[in-house]
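The structure that follows is given in the form of structure tokens.
Labels run A, B, C and D following the written order; every chain starts at residue 1.
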Amino acid sequence: MAHAHTDHSAPAILAEVKPVAFPRATLVEKNRSFSWVTEKICGIIEGPTPRWWWIAFAVSGFLASFTVAGIIYLVSTGVGVWGHANPVNWAWDIVNFVFWIGIGHAGTLISAILCLLRQKWRTSINRAAEAMTIFAVVCAAIFPVFHVGRVWFAVLPGYLFPFPNANAIWPNFRSPLEWDVFAVSTYGTVSVLFWYIGLIPDLAILRDRFYRAGDKIRSALYGFFAMGWRGSNRHWSNYEMAYLVLAGISTPLVLSVHTIVSFDFAVSLLPGWHTTIFPPYFVAGAIFSGFGMVLTLMLPLRAIFRLEDLITQYHIDCMCKIILATGTIVGYAYGMEFFIAWYGSNPYEGFAFINRAFGHYAWAYWIMITCNVVTPQFFWFKRIRRNIGLVWILSIFVNVGMWFERFVIIVTSLARDFLPSSWGYYSPSAVEIFTFFGTFGVFGVLFLLFIRFLPIMPMAEIKAVMPQADVHGGHDKH
Amino acid sequence: MSNLFPKSANKLPLQILIFIGLTTGIVLAGVTYYATPKYTRVGYAPTQPVPFSHALHAGQLGMDCRYCHSNVEKSGHSNVPTAQTCMNCHNQIKTDSPLLAPVRESYASGNPVPWLRLHQAPDYVYFNHSVHVARGVSCVSCHGQINEMDVVHHAKPLSMGWCLECHRDPAKFVRDPKLVTNLDWKHPGGDAGQLEQGKKFVHDWNIQPPQSCSGCHR
Amino acid sequence: MSTHVATISPASGGSAAGSTRSVSAAANKALVLGLVGLAATGLGVVLSGKAAAFSYLTGLVFWVAVSLGALFLIMIHHVFDAGWSTVLRRQYENWITCLPWLGLLFAPLLISAVIAPGLIWKWTDPAYDLSQVGGHGTVAQDVLWVKKSGLLSTLTLIIASFVGFGGWTLISSRLRAHSVAQDNDGDIAHTHANRFWTAVGLPFTALSMTLCVILWVKALDYHWYSTMFGVWFFAGAIRSALSLGVILMVWLWSRGDYKGILNNNHMHSIGMLMFAFTVFWAYITFSQYFLIYMANIPEETFWYSLREINKDGVFNTWGYVGMFLLFGHFVAPFLTLIHYPVKLSKTWLPRVGAFIATVVLVDMTYNVMPSLKNSAGDAYPFLSLNLLWIATSVVGVGGVCVWAYLNSFAKTKLIPIRDPRIVESLTYHE
Amino acid sequence: MAATFYGLMARFDTAPEIYHAAQQVRDAGYKNWDCITPFPVHGLDGAMGLRRSNVPKFSLLGGLTGFTTGMSMIWFTGAFDYPLIVGGKPYFSPLFAFPISYELTILFTAFATIAGMFILNWLPQHYHPVLKSKEILRGLDDAFYVVIEARDPKFDLNRAKALLSQAGAKEISELEA
């Protein structure tokens, strides 16, 4: 306690220090041992495939086939199969893109920003959240790539990435869509690398365990990707530094990605799109929706795999509070947009916002407001944060709300732009709807494969924040 | 496990890395070389319904290009001659040649000869022959030495990068418009002479070939 | 409650009593300095009118930023249940006692809006002749003012300022009172009460601050608009408050009070925050500039053009200030704070803090002063007499703030001794 | 094939134990030795006398390369090789070149950091004497090891064994290369 520090040089005030008891939550409950952690997490991979997994996998696979079918139909027929028409030439594809990219942000946020902020509670959720990021980026990338219709133009050298080509031209680097190409591909790459680097020590554990169990094939498979990791502290030293640097660069990266996504809209002149608060507002929204998705995924996992000691009530509290904070920031931005639309006195701008709230798409607007601004306010109350079922339902509301936010921003502004003669109303086609809902299947398939074959929590990191990991034994003086 | 991985396994990652690097390099190089009009289009020489020889007509006989492709100076589209044009001569010479049967048939029926088209700009490219010809871009610049071809083949890639070579620096190519159909003409002063005269033409005629997207993709 | 503490405080040791006396002497000096500065600024208003009034606004808004930043940091501490910053929190709690005084010092500006409308905010005088500043007609004839007249009026200005300062005073006094009361009774209820006030205070302060700075600063050029403005002000406020925190911590350490309390980890953490908010400020400011640049809409770009070139196309001195902000506000602190040793150095970190605070002041100046235009509609050059009045205002208002801080400092414990996180903070290691 | 002797491997059961053992081995002046731990033990770097990692130098180099690449690429393509007016913007401006240069800075930093980590650690190294030991089968679960290599100039089998057992090793085994 404090008395240990009251040596001769310390000021008298320290003698008076007598804190009132208000203990902090522990990160791993029930005082578990290191091997308990290893057994618990590896056990999920080593055990037999549970029946629910097969069922979930089949359902996800079926759902994913919608996306595959939708895409095949799109490529073979043309982009006309989507519901786009003047003036809304861009709707669900970009909505879904921004939605999925936003979902991905919580993963990087948990891994990187919380790592920098030394928020140790990140350890039990960061692996799954990072996986979620990668799969979300995959789902996001489907839409911009396929919305061009002739999809080979999106991948041929020279069209999106600068590469000497027969047309002798270069991509237009003044376009925010081109910035998106770089931002999203950088984001995907760095997320995968960050995730993989985190996996290396755990893959080494699996390598050794499968070898011990006599399963040489799986041992070799995990062993190949473990890169010969042997837990050397000389390695840990470089590894931790590399991890910290990656966290350090992922933080500005994750901010920049949604910032650049917001530039897609904000650099234009369209009423409702051009507003300077878009960058932080999009980032806050992305984190908001990302944490919504983390809760949506982790709460069932926690129940199924009995991870209550690793994902504790404290973790859930923290995530709820982040949702509350970012939801409120998003609410502030909604208010600011509305206010400045009036204050700026641009009639088009003013109309755009009135139209959002009371026009043809008002239903979408009020779903957005309800889910994004009202829903998180419930998390002020401890009783609600402790009700896991309710938290789960509210987290789904958050996801829905954020999808509608993008819909509102994109479609209302396009459907009612400057000239009343070119106003329109957009409805999605069946192909679009199926393609979008199918991406949840794609995501599900990838996530189920992840939880079946890879450690869902970083064992090494969890061990490092357990009380036994303290070299001073928790009582020894420095 | 080391028992699982022999000592030689330590070299494996480097080998894989080199392999991936080489493969990527080869694929990229391949795409750059093969997936271009220069590779896919140059040399295309289909068999035409009538074995018309440009080498004979334009080369040996010295007929002007514009005798047959009569609209090239006036229209955006350079026409393929009708059977009437052919029959101007061929009602007197080789009137019975079986090779000319499709021409006579066309002349009688009014249905065009089904020539196969070689040089075709995509629909999204706006190309105007008259503008080019009027400002001294010779036929040879785009179609090659047609006057030496028995069977016409695609001589230049007609890719966008290729168009831009001239649009960026027309002085290397423009000549006196009187000489555009003289496919054998080279500037007597060589490259330097061409450049000097070309610069003068570019200046005098205010040639400003567009390089913006909308110049061709309208 | 505070009087109760004051009676205990001297009993805690002879040296404490001695330092209390020297603190109150210093407080008196600060007050005298402040009053001199205010008097000089008052003289300036008599001498150069508008220019000095604008400068006074700059200086005052700067200290409001510092103090609101301190208030935000206290609330952020509570909302995150932060541990390490507990030792520093008390200094911020002392500092925010200046908020009511800042409100009082703001009153002259409100009075000026009533008795001399148009002195600072053109729109407080609908008959203001815009041709004086390169425009046409009067404010009342300006359609952009007519549209906004519901907000841009003397009445709303006064109401908003009252609500702002009133609310901030209430919240800050509750936060401070509960914290101080806990020193005596050690009741956990105070911690809960502070969380309650934080939950109320954060949204309220965010909204009221945004509204107030829009009226006070942004509406100086009421044609211009940017949704980012409130966030920009918040970034500056937090940065200057962090700088204040470092300076206070190291000052207390060098005085001996914080010996054995302040350790390297505290320095490193606050250094990291300074670094983070340097990046945050850059992010906000870059985004605002970038979006306006890319969209290139005249109603927005004129605000930056004014600060770069005159109407005749000549580059003006504000352009250099803008470049200075890019390098001084971002590049220099970024490159300095990225170094690990700087964040631990008790010599360097306060210097960096002082530098950042100065640049925040320059940033405020950059936002306020070019709105003072000549008849051609160009901004007065940066290097002018105005700078003198800014200096006197900063000293004047700052003196009063320091006086308020030192007064409170003398009355409270050095650190919140019964706070539930105090031991965690004292033994803090990363 | 005669197995050559690689070094000694000593097991410890808790984090504090290995921390103190590492301090003793460090103070005994060994150079070629290592600790094998299931997770990065906080403070062990200091106990082993390791210097701060050099990975950030790689990162810095990568970042600078990335930013330069981005800026020069956009200048080359937009202002030099194919100048084209788009949206009334200049051919080149650091402003609109910034987002992509920024992303490339991060991308190249990430590559350089990871490459740096692998190079400095001399990984991947799927074959290693430590991995050959039976001990390692549980090693990355909850046990801690000190490994002293035979090639260390100060190495002496008996003295090293004595040092390790004095440091509290639970079990000492010999490793073959």
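Following the convention adopted for this analysis, a residue touches a chain if its C-beta (ideal position, glycine included) is under 8 Å from a C-beta of that chain, and two chains touch if they have at least 3 such contacts.
As the structure is a computational prediction, the values presented were derived from the model and not from experiment.
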Problem set entry | Most contacted chain pair (by C-beta pair count) | A-D
Problem set entry | Gap in Å, rounded to a whole number, between the CA centres of chain C and chain B | 70
Problem set entry | CA centroid of chain A to CA centroid of chain D, Å | 28
Exercise. In angstrom, rounded to a whole number, how far apart do the mean CA points of chain A and chain C lie?
Worked result: 35
Exercise. With chain centres defined as C-alpha means, what is the inter-centre distance between chain C and chain D in Å?
Worked result: 44
Problem set entry | Numbers and ranges of chain D residues touching at least 2 other chains | 82, 84, 96, 124-128, 131, 136
Exercise. Hey, what residues on chain B touch two or more of the other chains?
Worked result: 1, 3, 5, 10, 13, 164
Problem set entry | chain A residues counted as touching two or more neighbouring chains | 168-169, 176, 208, 211, 223, 227-228, 252, 263
Exercise. Between which chains does touch occur?
Worked result: A-B, A-C, A-D, B-D, C-D
Seminar exercise, completed: So, in the complex, the side of chain A touching chain B is made of residues 156-157, 163-169, 207-208, 211, 216, 219-220, 223, 227-228
Seminar exercise, completed: Contacts from chain A onto chain C in the complex sit at residues 1-2, 5, 7, 9-14, 16-22, 24, 116, 118, 176, 252, 255, 259, 263, 266-269, 274-280, 321, 325, 328, 332-333, 335-337, 340, 342-346, 380
For this session: Enumerate the contact residues on chain C facing chain D in the complex.
Result: 286, 290, 293-294, 296
For this session: State the interface residues of chain B toward chain A in the complex, per the touch definition above.
Result: 1, 3-5, 10, 13, 28, 31-32, 35-38, 157, 159-162, 164-165
For this session: Provide the residue numbers of chain D that touch chain A in the complex, in ascending order.
Result: 14-16, 18-19, 22, 34-45, 47-48, 50, 52-56, 59, 63, 73-74, 77-78, 81-82, 84, 86-87, 89, 96-97, 99-100, 102-104, 106-107, 109-111, 113-114, 116-118, 120-121, 123-128, 130-131, 136-142
